[in-house]
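Labels run A, B, C, D, E and F following the written order; every chain starts at residue 1.
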Amino acid sequence: MSIQSINVRNQFRGKIKEIIEGSVVSEVDVDTPHGIVTSVITTRSIRELGLKPGVEVLALVKATEVSIAKI
Amino acid sequence: MSIQSINVRNQFRGKIKEIIEGSVVSEVDVDTPHGIVTSVITTRSIRELGLKPGVEVLALVKATEVSIAKI
Amino acid sequence: MSIQSINVRNQFRGKIKEIIEGSVVSEVDVDTPHGIVTSVITTRSIRELGLKPGVEVLALVKATEVSIAKI
Amino acid sequence: MSIQSINVRNQFRGKIKEIIEGSVVSEVDVDTPHGIVTSVITTRSIRELGLKPGVEVLALVKATEVSIAKI
Amino acid sequence: MSIQSINVRNQFRGKIKEIIEGSVVSEVDVDTPHGIVTSVITTRSIRELGLKPGVEVLALVKATEVSIAKI
Amino acid sequence: MSIQSINVRNQFRGKIKEIIEGSVVSEVDVDTPHGIVTSVITTRSIRELGLKPGVEVLALVKATEVSIAKI
């Protein structure tokens, strides 16, 4: 089922640069204009979505998950 | 206490563009070189950190909070 | 931009039953075949997605956010 | 210590169908009336709670962790 | 329904010190031996659980939600 | 880049007691004056931050991630 739009405000478009595959979860590094965005998702999802280096994806982050630090 | 470094892999540097203040939580929109990053934090933190438009901040996201969508 | 598929393993399809709107975040109650699923998202997203009672949606939950309790 | 009730609004009751055990975290698939609900928790918790296929559990999700997509 | 035990590894027992109630979410400050632990939950849950200052509670945090900073 | 302060309200100071290293994520157990706080972060972060038993750290938790249970 295709999704039209999602409430997730923070969307970073890019290409997968690298996947570090573990038995349960895997790290997905996405090359975006913001720099590398790193995600940890289940290894099952990696397989079901057919993710591999070069695939174009959106990295999505809910606003309630974003912290703010003063520098 | 100053923090030397943090495990959070996804760090987006920018200036606060706008704050929508609520009684308990507030929305903070951070203007980064590659677009707005939106955060929802407690209104108490807004006050304690002295956040307001123009202040330079880091928006931080833990890798386990990032979802991946195929487009 | 339409999303083809997403890594989020837990997807609950239903119709919005009620929205409790706050100044910054809002509660969205989704009526699914097996009970209400409740979400808190930014009020901006409510407006941008045109969410209101009766609209068909997917409630999505990342596997790393699910806790397990023994009963 | 027994918990009387919890603020977590989204509670899915079911039986564990499968556990994929990793060295640090494990995937727990719970068979609920909503379909399979997938959780990733520490492998230590799996052992301490005595989780295994067939055990009855609650899968719990905080409302702030639920995203909404339009379909 | 009473919960026997939960996978959430981080449990902080204490008494509610203060509740700042908003229309959708509320802040709950719990006085624990670790100091004040702050939680943001739905205002509906505050009412359904009968939370108010003085009530004894557990503040619960999933291990995947904890970040580590070097100082 | 040093961080001056962070919005994360819940900060637990302690020394790392144990690290269980996995291929993608690792468990970090922090010994604080009031008990162990457990975190799951990427194994890459463990290496980049030079985390090991005995190192002094802050365990940080965003208020929106804290659940409340009645006991």
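One rule holds for everything that comes next: a residue touches a chain if its C-beta (ideal position, glycine included) is under 8 Å from a C-beta of that chain, and two chains touch if they have at least 3 such contacts.
Worth saying up front: this structure is predicted, and the values here are computed from it rather than measured.
K.L.:
Assuming a repeat means more than half of the contact pairs shared by residue number, which candidate in E-F, A-C or A-F repeats A-D?
P.N.:
Repeat of the A-D interface: A-F.
K.L.:
So, comparing C-alpha centroids, which chain is the farthest one from chain C?
P.N.:
Using the mean of the C-alpha atoms as each chain's centre, the farthest one from chain C is F.
K.L.:
Quick one: report the Å distance separating chain C from chain D, using the average Cα coordinate of each chain.
P.N.:
So the centroids are 18 Å from each other.
K.L.:
From the mean C-alpha coordinate of chain D to that of chain F, what's the distance rounded to whole Å?
P.N.:
Spacing between the chain centres: roughly 22 Å.
K.L.:
When the centre of a chain is set as the mean of its C-alpha atoms, what distance in Å lies between chain B and chain D?
P.N.:
For chain B versus chain D, the centre distance works out to 29 Å.
K.L.:
What are the residues of chain B that contact at least two other chains?
P.N.:
Those would be 1-9, 22-23, 25, 27, 38, 40-42, 44-45, 49, 51, 58, 60, 62-65, 67-71.
K.L.:
Give every residue of chain E touching chain D within the complex, in rising order.
P.N.:
It is residues 1-9, 25, 40-42, 44-46, 48-49, 51, 58, 60, 62-64 of chain E that touch chain D.
K.L.:
Sort out for me which residues of chain E touch chain B in the complex.
P.N.:
20-23, 25-27, 38, 40, 64-65, 67-71
K.L.:
State the interface residues of chain D toward chain C in the complex, per the touch definition above.
P.N.:
So the residues of chain D in touch with chain C come to 3, 6, 8-10, 13, 27-28, 30, 32-34, 36-41, 45, 49-51, 55-71.
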